[in-house]
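Please read the structure below before turning to the comments.
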Amino acid sequence: MKDFERPDKLREECGVFGILSKNNHDVSRLTYYALYALQHRGQESCGIAVNKGGDITHHKAMGLVPEVFSGKVLNELNGKSAIGHVRYSTTGASLIENAQPLVIKYKDGKMALAHNGNLVNASAIREKLEENGAIFQSTIDSEVIANLISRYRGHNDSIEEAIAQMMKDVKGSYALVILTPNKLLGIRDPLGIRPLCIGMLDDSYVLASETCALDAIGANFIRDVEPGEIVIISDDGINSIKTEMEKESKLCIFEHIYFARPDSYIDGASVYRARFEAGRLLAIENPVDADLVIGVPDSGITAALGYSEESGIPYAQGFIKNRYVGRTFIQPDQGKREIGVRIKLNAMRNAIEGKRVIMVDDSIVRGTTSKRIVQLLRDAGATEVHLKISSPPVKYSCYFGIDTPSRKHLTAACHTVEEIKDMIGADSLSYLSIDGLVRTPIGSKLGFCKACFDGNYPMEVPAEGNKYACDGFNKE
Amino acid sequence: MKDFERPDKLREECGVFGILSKNNHDVSRLTYYALYALQHRGQESCGIAVNKGGDITHHKAMGLVPEVFSGKVLNELNGKSAIGHVRYSTTGASLIENAQPLVIKYKDGKMALAHNGNLVNASAIREKLEENGAIFQSTIDSEVIANLISRYRGHNDSIEEAIAQMMKDVKGSYALVILTPNKLLGIRDPLGIRPLCIGMLDDSYVLASETCALDAIGANFIRDVEPGEIVIISDDGINSIKTEMEKESKLCIFEHIYFARPDSYIDGASVYRARFEAGRLLAIENPVDADLVIGVPDSGITAALGYSEESGIPYAQGFIKNRYVGRTFIQPDQGKREIGVRIKLNAMRNAIEGKRVIMVDDSIVRGTTSKRIVQLLRDAGATEVHLKISSPPVKYSCYFGIDTPSRKHLTAACHTVEEIKDMIGADSLSYLSIDGLVRTPIGSKLGFCKACFDGNYPMEVPAEGNKYACDGFNKE
Amino acid sequence: MKDFERPDKLREECGVFGILSKNNHDVSRLTYYALYALQHRGQESCGIAVNKGGDITHHKAMGLVPEVFSGKVLNELNGKSAIGHVRYSTTGASLIENAQPLVIKYKDGKMALAHNGNLVNASAIREKLEENGAIFQSTIDSEVIANLISRYRGHNDSIEEAIAQMMKDVKGSYALVILTPNKLLGIRDPLGIRPLCIGMLDDSYVLASETCALDAIGANFIRDVEPGEIVIISDDGINSIKTEMEKESKLCIFEHIYFARPDSYIDGASVYRARFEAGRLLAIENPVDADLVIGVPDSGITAALGYSEESGIPYAQGFIKNRYVGRTFIQPDQGKREIGVRIKLNAMRNAIEGKRVIMVDDSIVRGTTSKRIVQLLRDAGATEVHLKISSPPVKYSCYFGIDTPSRKHLTAACHTVEEIKDMIGADSLSYLSIDGLVRTPIGSKLGFCKACFDGNYPMEVPAEGNKYACDGFNKE
Amino acid sequence: MKDFERPDKLREECGVFGILSKNNHDVSRLTYYALYALQHRGQESCGIAVNKGGDITHHKAMGLVPEVFSGKVLNELNGKSAIGHVRYSTTGASLIENAQPLVIKYKDGKMALAHNGNLVNASAIREKLEENGAIFQSTIDSEVIANLISRYRGHNDSIEEAIAQMMKDVKGSYALVILTPNKLLGIRDPLGIRPLCIGMLDDSYVLASETCALDAIGANFIRDVEPGEIVIISDDGINSIKTEMEKESKLCIFEHIYFARPDSYIDGASVYRARFEAGRLLAIENPVDADLVIGVPDSGITAALGYSEESGIPYAQGFIKNRYVGRTFIQPDQGKREIGVRIKLNAMRNAIEGKRVIMVDDSIVRGTTSKRIVQLLRDAGATEVHLKISSPPVKYSCYFGIDTPSRKHLTAACHTVEEIKDMIGADSLSYLSIDGLVRTPIGSKLGFCKACFDGNYPMEVPAEGNKYACDGFNKE
């Protein structure tokens, strides 16, 4: 579960959900519960669109699920099928116009779309559409996708064919759910970069970014949507179109490292096991003598348990985290920033004092908070602090839906491990190797995109991203 | 100033405002003040779009101007040109999606539009655009207009030429303000059905639905925009394109009767004088012996003063109106509705008691509240109540931006004056004649649309509107 | 109806209401409606306390009646008797602690109090109570009164006797309503400085500061509470205790001049007639040749009509007032203050232009806004502006519940009429004489306190108030 | 950290904090941060009172710290000393009137009080005070205490002497902080039932319910306030009065079991160590063969780690808890309650499946949620579920500040362990023994009240509490 208070961590863009009920479940309320389970994928805005008798209405706003939806709003949203969306904006554009689902009217009636991912050629397509007179009211990819579908709809017999044609145009990552008066569609890009799975609850089919959303509403997991697949759900059941898929699939490995909830399964692999295994391999690759293993809450805990098991060094609760701190927390003045950290996270002096501590965290992006957390441990009496990161150094920006800072802010793009260790003030620092990393999601049916670690992007990406001047120097 | 509490009155759709400042006035704040002055033209939603250095940002929401705009929001909206809008929705679609200004990106950059009026062929144009793949996110005419301009922009050298081409397609009423990175445009339909005027404040040009908005910000009145004219304001000053105008212009006469603020001037005529004159003519056409003349607040006051002057019968304050009653007023239960009326409006017993009273109101649409108001006077001791209406009977629906109920709810479409008098419970009832009406806006430079009284629409209107079954019978 | 936008006018402290229903009317809702009708007497906070089966619950908050009460809150407040209060705070203490009704538990159970007026010896009594160990949680007089009643309750057989004993201690003005599990009590100070009247609605007795609250809920007026009277309402009907009354009563004359709603009757006199008569006498005392008579909205309108009738000079609407401007209005920056005035009030150019205008206002306290309003008329083309004030010059502070500024801010305490005229920029200025004033509330059964005009306070007042240094000089 | 979603757990009443800064720290902001750290002690209302130059102002409201305080409010609250309070109401009276601190004016000026605990003779004292004429505006004990101090202040030379006299009258538990214009006082009842400690930050002394509040603001721990001690903090430093203390102190043992934050130290003992030790002893007293040890988040985690260490059975993350679920969560309809549980808490299938699980929780009060959590584990594939409770069975109500349900709702008061096991559906159930319990807070300097387990109350308590009829039967 990700945190308001860690501005130095990566952020995912979105989570999506869809449901079609043959016999009229309360689909808006089920979508509401599912969005709660996906809230960690986006905390800026959320929305639900519902189809009732062919008309699609919706409600969306800036804020968390409990802030945006009241019982009154949910009651007004009733229908037989619905899609939902939670959003974290990767750009500055945290505007209500960009909240999803996007609901539009086109030649064939109404349609609602919700998208997780990022198109790398959205600008080029927008320009082409604008040349033909199209107007845009937001900066989200969903509007580009809706325009393409609308244009192709005229030349095709069904919306799924129009979607297949749209998929030939767009490049990038997308897990899409689309609601029409008669259908619920789920689409995953040909590389399968973003996750999407299918579940069933009584006579309702559901689509979700993660299986934890299925668990939340008591739905059974059926299978993952395949890369390049279009799933069509209607009262007649479930159908599928397999568009041309790439040779190798490329699930974003950061889903396993940090984004997804540990109780989710993605493409056949348990996120919990992947993190636990990462901790185990980290202990094998980077042993160190110490008294305790602790994890940085919440995302470092699972790997810390794995590290403890493998190393035989006891696991302890190193921190207590204040659950009441949210977005309205009033920051202390400059020069008292450490108060801000201590309120959110307090080191457990009685467990730590006089001990040599191994602290496990999932990743380092900017590294600004890591330094403060190490200091918390020293203030609580730790004699040594060894920082173990359960993923490799993040050196390259992501173009597929993760909000990576520009390369010059990626600590590992500009500094050696030794330099980072010194900056953070740890006694030692080690990362999991890339080789180790790809072994962690045991049983995964898909290959991975790990471009943020090795720069091998699965498709051409905008060039500017790789030119950069580091903050300070870069010896690697 | 119109009232939340008179659901039986007609409602206008919108008010628009625009400003371009050569040397950077605080345009968002001036727009905010102007919208206050236009608030009577729409109380459902409002918005401001601002151009700063070529980027157009905006803020809009459901609610009144003071509810939607805070000092913080205004400060963030600063720029060198801006447009604003207040909206009353004529249809059920009181949705945030339909709030204006509409801000879009198209081939030529960003554009914001705000519209007062109603297109009669919007559906037909939408269908044609959808055939070509366009998608729509709202039900407002502005989105249709923006699509047309965007499509025509490719074949024209300037936005004003694209607008001129758009004007050939659309039928209906429109007073439009459009904001681009370099220009502020004001457009009025070829019949001039909705008002729009030009003013100047230091080095800033402004556009407004009514002159009262100019007064509010201290701007000087320059002239009215002419029917069919496109006014182009930029740092280079003001230019104009005259598109083909209809032979005769057709300003909506209800602007003078009820919609506009009495301190406004429209097309050369003072609204105050028009209402005063209507009262005078009413006294000439329909004399009656009585002790007092009173007006129904607020819109009946001016005509009551005219009636008093002409008839020599003293004017008195007949009612006290509670200014604190707003939209959140909790209605009494059925059967105590008269409490609701009395809280909003109390008759001035001491002025009324034992008197024969002439009560002047501007119009009767449904007539439901009129009956209760007459009863208030009788309860306060009036011995006779003569109801004088300073406009003719409303018999036909409007298709040009006024929210008229369907004909079967128009009292005068279904009942004789005698019947209405009996229903309302007045001792006598008379209306101003159509002939009298057109003489009231003294000095007006334009002709009038008075179709709501005589059914002579200035263009073809949807046919269904005129088929109707009356509530009860219709002897006319 | 008083205005947020006239900070230069006097403010009253409070309005009170009470109801006891023998057969369970919806007393909280009726109180809610009544408070709407009394809202002009206080806009800072309001509250309702309800007795249900012997338990007294309440709801109060900062804000206007529609802001403080929702349907949900009212539904939870149901009971068989209730009191309500609207408050304008005369001191800086606009705190929720000071909102009324005050609800307390004491020896005899629960009790709720609401008070309009001001005690001149509250501090002295507080000190004495504190000497005996009492603690205070607010700065309102009601808490002093509650403490006294509680202390006297032990030595008396009934609450009314305890109240009578309390009345011997306190000096000042008070119209009080008190709710106990079995009774509703109304008390008026021995001089009758603040108004309080009794009404009846079916089987419910009601108490209210003004008769307009009776009208609002459809109650019939029974009689005014007499100075020094304690009215006791219970299921057994209505009883009364007459405590020792002063020889001469002293109703605050400003109730007739400005505070009360014109449709109210106070102590037998119509407020509307009093104002109309004041206008008539003003015309007799101070004739001037002019073309038009106008009133400053809203409080100057009635006197203007009287002036017009007496003088034969036609009455006209001089101004249009913007009803949407409220407390959240964002003021223009310094140097553009006139925009603020113009948005709230616009002069009716078409009525005014080229005319010699008599402008009637009810009073001048600070005079700051008067200057701007005169300027509005000149900007609208008035050739002469004669300011006529329908009350005498306000020269002395009030100690009985009116928020008068310190004497040095009372324009008339420091300046001659001629000086004020020059400061305001009027062509002439005249006030109604004190002699004229006391003749205006025709039929009043009580004498008046007019100390703000002549300094003859009806009891000893704190000395400091009369020492002052004027802003500038004082030649009178 | 306690949870909105566990209505079956015990609730503490309050947390208190105080600070006096010799050289003007920003005391309101420091209090705000400290209240964040104490938020787990009360989530219903909170408040801060600040002393600035002898005047005490305050802000309090219903809601969590981030809901009640904005930057604007904190800026207005500045001063040199302050107290703060978070409250959970044990009675139905969740009213704003009962929010603390209570701020009063009395003979000696202003005073603010904040109280954690419960007086058992408050009603009797109230009656006596009412006999003497006192009035009460709330139902909180602080108002009783303030009245006593005020009454005794007249006969004493200082407030601390008045407080000492008050302490002779009141019976029960209290950790009190009191703010006067010159002093900050901390008082702990003679049995030391509720905790209170002293810290120092630069030149500021602070008082807090728990040391975690000291950590949050970077203050150093000085010492605990002793049972029966009055600590007086002023610009002259810190002084102390030791009132007559009971022979044996009686800290509430539930502070260590559940209420306090694990990173706090109370009376010399680490809460973390106490819980860890409880887990260890539980493993010694109640060994069972299993594959995994898990804790119920958040309060069962520490004991689970202790159990794991002692037993050698590996610890695992058994659950993922949704941190976004708050008070506005919309509950599913009856019959889908299990959805509500699953959204808040999801079992980690991959860790659990096919495993024999020991689930450690801190206590069972009503037991309603325990049953659902056991079911979650079975649904996730656990083959055995052994429930281990790190405290003895709760059989008696608390009268000292903990919200225990009436005895008939205390599962263990009415049922044998075997019966409870069956009701919950666990394979086995064991509790820590009372003997084991008292050994857990290693190094504690105080004795404990463990009346909720053994019924040995440290003073006379109201009799009614112990008469009860169980829900169902009770064989013990």
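Order of writing sets the chain letters: A, B, C and D. Residues in each chain are counted from 1.
As a convention for this text, a residue touches a chain if its C-beta (ideal position, glycine included) is under 8 Å from a C-beta of that chain, and two chains touch if they have at least 3 such contacts.
Not measured: the values here are computed from a predicted model.
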Next item on the list: Identify which chain pair among C-D, A-B or A-D reproduces the interface of B-C, meaning that over half of its contact pairs, matched by residue number, are the same.
Entry: A-D
Check: Quick one: subunit A and subunit D, Cα centre-to-centre, how many Å?
Finding: 37
Notebook entry, point to check: Roughly how many whole angstrom separate the Cα centroids of subunit A and subunit B?
Noted result: 49
Check: Where the centres are mean C-alpha positions, what is the separation of subunit B from subunit D, in Å?
Finding: 61
Check: Out of subunit B, which residues touch more than one other chain, so two or more?
Finding: none
Note to self: Which category does the touching pattern between chains fall into here: line, ring, star, complete, or other?
What the structure shows: ring
Notebook entry, point to check: Any idea which subunit B residues touch subunit C in the complex?
Noted result: 1, 26, 29, 32-33, 36-37, 39-40, 64-67, 69-71, 74, 212, 215-218, 261-263, 265, 270, 272-273, 298, 301-302, 305, 309, 314-317, 320-326, 328-330, 332-333, 338-339, 342-343, 346-351
Item checked: Partner subunit A, residues of subunit B touching it in the complex -> 96, 102-107, 130-137, 143, 146-147, 150-154
